[in-house]
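Read through the structure below, which is laid out as structure tokens, and then see the notes.
Think of it as A, B, C and D in the order they're written, each chain with its own count starting at 1.
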Amino acid sequence: MKTIAGSNNRILEINLSTQQFHESAIDPRDRELYLGGKGLGLKLLYDRMTPGVDPLGEHNMLALCTGVLMATGAPCSGRFEAVTKSPLTGIMATASCGGPFGMALKTSGWDGLILTGKAAAPTYLVIDSQGVQFKAADGIWGQDTEAAQEKLLEEGKGAIVIGQAGENLVRFANIRSGHRFLGRGGMGAVLGAKSLKGIVAKGGEVRIAPIHKERFSKINKRLGRSINRNPVTSGSFRYYGTNANVHLSNAAGILPVRNFTGGSHGEAHKVSGETMAEQFKTTWDTCKPCLIKCGHRGTINGQSRPIPEYETVGLLGTNLEIFDPVVISEWNELCGQYGMDTITLGGTLAWAMEATEKGLIQTDLKFGSPQGVSEMIARIALGQGIGQDLAMGSRWASKKYGGEDFAMHVKGLELPAYDPRGAVGQGLAYATANRGGCHLSAYVLALEAFFGMADPYALRWKPYMVKFFEDVYAAVNSLHICHFTAFAVELEPLLIKLSPTFVVKILNQNLSPLALNLMDLSFWPELWHAILGKRYIPYLSMLKFRKAGERVHVLERYMNTREGISKKDDTLPRRLLTEGRRCDSEQHTVPLEPMLEKYYKIRGYDADGIPTPRTLQKLGIAVK
Amino acid sequence: MNTSRYPEIKPGQKWIKRFYLAIMLWTVGKAIPVAAKVDKEVKKEIDKLPNNFTLRLMVLPERAFPPFFYAKMLPAFVADKGLLPYGLQMILHKDKEGKLHYQGADPRGKKFDLSMAFKSLEAAMMVFTFRESSPTGYAHDRFVVEGYLPNATIFMRVLDIVQVYLLPKLIARLAVKRYPSWSEMSPLKKHINRIIIYVRAFTF
Amino acid sequence: MNPTSTQTTENFEFLFYPKVVSGQCALENLPTELAGNDAQKPLVITSQAVARNGLTKILVKAFYDSAVVIGAIYDPVLDYAGISQAQQAARLFSERGCDAIIALGGGPVVALAKAVNVLVSERQATLQPYYNGTPIAGPLKPLIVVPSGASDGQEAMPAMTVDNRAIASESLYPGVFVLDGRVTIGDSPSCVAESGAIALAQAFTALTMEAPNPMIDALAHPSLDLLARYLLPAVRRPKDKAAGLAVANAAVLASAACANSGTGSVFVLGEALAAATGVSLGKCLGILLPFAIGALRQSSRPVRDALCLAVAGLEGFAAIPAQERPNKGLEMAAALARELKVALPASLQALRVQHHLLDPVAQAAAQKSAGRFTAAECRAILGRAWEANA
Amino acid sequence: MLLPSFYDFCCRVRTLSGINALEQIPMQLGRMHASHPMIVSDKGVGAAGLIDKVIQALGDGLKIGAVYDQVPVDSDYKVVDDAAKVYRRNGCDAIIAIGGGSVIDTAKGVNIVASLGGDTLLAYEGFGAVKHPLRPLVVVPTTAGTGSEMTLVAVIADPDRKIKMLFPSYFLLPDLAVIDPRMTLTLPDFLTASTAMDAMTHACEAYFCLEKNPLSDSFALRAIQLISQNLLNVVKTPGDLHGRLALANASAMAGIAFSNSMVGMVHNLGHTVGALCHVPHGVAMSIFLPYGLEYNLGKSADVIGELLFPLAGPEAFHATPKKERPAKVIAHLRQMNEALHAATQGKHPRCLKEITGRDGAQLVPRTLLPVIAEAIMLDGARLTNPEEFLPADALPVLERAWEGMPLGH
């Protein structure tokens, strides 16, 4: 089998309208500046797409990109990135997934592919090292994700598929690969609009080998060790999954309850990872390769089902005041079959429940009762009755029916299951996250609410912290490696490990840059350099790596501003700005304005939140 | 929502302005009866009013502050200045013989044939700091008239003349529509009357 | 103005309900106005922005030396009037035993105040019955509006937009407008320009409606006249009290005139655009107005001299030859609208409105206009506004 | 149109105007949840057959509760109480007033007692006594002049105390003013002339007196224009419905204007001669108006000059240099009076001495002028005149007005 050293730098460009494809190479300079994965995907679309196109029109493009680490055996590296213009938010959306498709694509000899155009009839693609075959999907069109995927996998090692939700253009339909999902931003609808049911990659045609083998394996081992040492990655997440956060959030008062009016709830323990682990006898079911193993399955009512993730539990559970793990996992399964994002769905359902309560719409949904929820999920996926409106997401629905002040979304993307009124830094992160209400853009709340490494209410250095993590995670998504390695990479190095928490906390409040620089991020850039056989200069290369992250983030921001995003959109749901939580006697709200102004300054945006030409030029982004 | 975030607000008092107005009202109140004696114009106007006639000039709202039973304890010389207890008032009474008396600021047990009330402290300030002449004030609805309107016009005419006496020309110009010319009031007479009015108003 | 023969052939109806109190220490009239409506304890509803500018303090000062107690100042309103805040305010109202409502601010604040008024006067928990078409019985509690610099043109209308849904009813007229230079100052040039644009659009609509109505003209005339004089200075210096007060006056009159004349094409189009893009109505109208006027000039629709008289003033109007007046009026109105460019983006493109939205917007507008104009016309206006060439 | 330092404006009267406006009353009343109105009017109106016209126009849309047509020329509170009793006895729920100033004022009074309870109007004397919405009040003016359908004050006499009681309250504004030319169709030419000039005076004084504001100006301008464009035609061809309607609209708009910006010395003099010599209001107005303008030239010449625009039309306005405009305005008005005098075969007097009662005797003997001059002090309109106005100033004005000579300076 052919072996490729480093990365094969081939991009497959597919036009569905003309059923033609051609190959293009990745410019080495882009590889330097944008690393791969998310960064590269954005750059490719930035070069090819004009602003203002209809996300569901044929001119919208969808890029699927793997990173340099893929298929090298680096820990938790089995992830690929999808980039497109989202039908839910109308701006750029990026999503990351740990399904087998990435590996298959890469081992078919492609670093990524770009979809454009619109197929005349339902189609699916088969990809191998030679290129693409366009096949009629009549047989599988209309089937749910599981069945469709089974069918496709007969022709390759990894596939992505959409379910009925995607076909019916549900604005938050997602794409499935294995048991993992390209969750957010409604990418399923984009495929649906292109009447593309799925893509299967043959895989196993080429082998990828790092250029500096021994250095690579050395770092690999070290990283592996620290992952196994870290209490989160080798403890709570490994045994209870992300669900382990339920307890932490509940304690910190940032667990969404009753459409973000609560903050914590007495029954929360019923749906925590710990409870589920022993109630459902969970086993592992993860991305490959992975060391953390946060994904779990369990036997629920006699049948084996995936255990819902924390976000799912938070938004389909506590946020609807439902504390029954069984129904939550049922709905989770349902969403998986239809191919819908559980976060957006949960947020939209919560809105629907409150809107019903306030007499804005008539449904039989009610907080705290599972009655009619699964029916509503079906109606949304299949676009029946009011389901059609809810299928557009809470922003659209609240525009039509009212209740915008309790539609919990940012830029149209519903908030995940952390209430920023207990961690104001996260509030800023939500407001400035490029794709909308997203916690993975900068996971500041871990420091604020979980590890006690920063005061949740101190404003002074929050903008800096948010910028720091935005840059880092943008870079991480471009490698591409799992976010959760961050726990190990950031917290295991000696300096930070030895310095007591309260010191870090004090530092973070008064001189955050110092505190954050205690975190030595060198693992990630070292892996990348080793694979591509580049010379690694301690610290400087790490700064370069962070710089690349900044570049990726600002590029995405710039692309969004071309779609009309500006300061007016960098805000939070009005509820978070005006109302206190029930659990909080001081009735904290998020003081966004001051943080935002400071953030723009250090980001190099102008007062309206648009990146200044100078900033772009400094980062080597060509102004268009 | 905890309602304590939105407290109830009891508006306070603008003491200095109250004090200023009290002094003004008191001065005018003392001056008018005297003017009625010395100036034939004023006398002529006053005569048009029916006998046994009580009128007042006041600032809304009419309310006891502090409440009456405290007010009773206050010495008369405070009460009469209209400083505290009964809001700001100036009460004039024309007795059976047609003589005019200043009756302080205590409205209790009196029945008013005519009362002119400024809508608010600021409205009164507009007029009594001569930013608005009394006709302009009337046109701008700064005060409301209760009773027979012609009497009110008479009283306002009287006010105009008295202002001319009390104030230096520079200010009086602002207070009246047309400053009396030679024909209407010779400067000599004016100054003499002015002195008399001042002396008698502030002595007894 | 036209010869009377055409002015009075058809029947007309006219109502300018609210009382207007404007000028020096107008705020101090509030206690009297309340007393005149037999109210002693108002609930003040206002927005965070207004509170931040310290206007609530000025309002409280105005109640000094009066018998009035302020039940509460409810100030978390942002840029949106929704039922949840209405319910909270209604709760305050009844807990404190208030008997009147003062809305300090414009747009959503007034809408919210109206909603609260309906909730407390009609003893309802939600507005659902009215969405379903139940008429508001009325009469409601006294509602006094103290406009700030920002207006959305609905203040003086017998309607409210709560949760993006319009409810219309005679009883939704505010009783009194109290305009005071201390309050009507604008936040920023753009905010003044936006409310100016809205007022401009409304006054223009009223003065160019087909069925002539001397009283509506008489109402819209001072509005446009004031705008022509004061709008630009107010935009240049938002803190200028005199100019701000004049623009606020114009806004109230325009809104009242619009309540009589009905919303015009440009207004419907602007609303549709704002709804689709999330850009504020003022910005949309500011951009659209010149092009809408341009479209009207090309169409053969007759335009009355009233427009010209209002924007040119007596002297100017008299100086223009009779037959040129209608056209000149449109010209000057368009010029006035174009002057707003100093504070507003020049084109929809500059505003980065996504091009693929224009068609749906045009359709939505045409549909809402109930056949008064076609999607094609709207699309043409939008197209020109997008590239900004008149 | 500059913004004054302070103004307030209110005319919350729904105005219905048109050739067949009357027919819409039932619908409008239904809107106000009223179905059972009482008609208040006076004998004259009844004699002219206007009441029947209205009732006929109402059709069977709604049932008339009662018809009270006993309102005298200057009505007092006894009449009001009496009418209120009728209202109650017949269980009415609204009032339709058909007539001129006195009828409308009475109707307002009746509405107070009928809506707020009690059995006499005296209970509600004084400022701010009426602070609650009243029952629907519909007003159908039958003289295109007084404009009292737009005023918020009810003036009602108290014969015992020999005073006029004022009831000012925004709740006294009628809910509906119906302007239908059929109501003024039968007006004889000289009355048409004087009432129209009354409206003209309202508008002019509203335009130059102290409380002028942009709104009142705008209404005044349009009123003046309508009158100057239509009056002569209507006097010459009384049957001209459109002209009648125009005048009626003008009178309403003048009413809106002057009820929000006070009137001045013209009304001051008018009221006084009216009270002392029973000179018809309109007549007095048309005579004193030029003098009022002339007298105030000193303080507000520019404003008066602007009146030329609506009076003589934009072209003439443009043709006249700014300085000469005020004189032109006054001349124009004088000449208008002349024209009316001619058109009414001298029934429309041009000066005080021409005013004669039914018996043909002079109503204003020259000897009375000094008394009148003194009496002007009793009227409130004095205060809102831009220029100070005292008996000493009034006498020359009166004498000139008696002779019919211009004032001159």
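Assume contacts are C-beta pairs under 8 Å (C-beta built on N, C-alpha and C of every residue); 3 or more make two chains touch, one makes a residue touch a chain.
This structure is a prediction, so every number in the text was calculated from the model and none was measured.
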item: Chain pair with the higher count of C-beta pairs in contact (C-D, B-C); value: C-D
item: Chain A and chain C, separation of their C-alpha mean positions in angstrom; value: 43
item: Intercentroid distance (Cα basis), chain D paired with chain C, Å; value: 33
item: Separation of mean Cα positions, chain D and chain A [Å, integer]; value: 76
item: Shared interface positions of chain D, touching two or more other chains; value: 6-8, 128
item: Sites on chain C at which at least two other chains make contact; value: 23-25, 29, 35
item: Junction residues of chain B - those touching two or more other chains; value: 1, 140-141
item: Chain-to-chain touches, reported pairwise for every pair that qualifies; value: A-B, A-C, B-C, B-D, C-D
item: Of chain A, residues touching chain C in the complex; value: 51-54, 57, 90, 354, 358-360, 398-406, 561-566, 568-569, 574, 577-579
item: Residue numbers on chain B that touch chain C, as the complex places them; value: 1, 3, 6-14, 17-18, 59-61, 63, 119-123, 126, 131, 140-141
item: Chain A partner contacts - residues on chain B that touch it in the complex; value: 1-2, 5
item: Interface residues, chain B side, partner chain D - complex; value: 45, 48, 117, 135-136, 138-141, 144-150, 152-154, 156-157, 176-178, 184
item: Residues of chain D defined as touching chain B within the complex; value: 6-8, 126-128, 163-164, 166, 209-211, 262, 377-380, 382-384, 387-388, 392
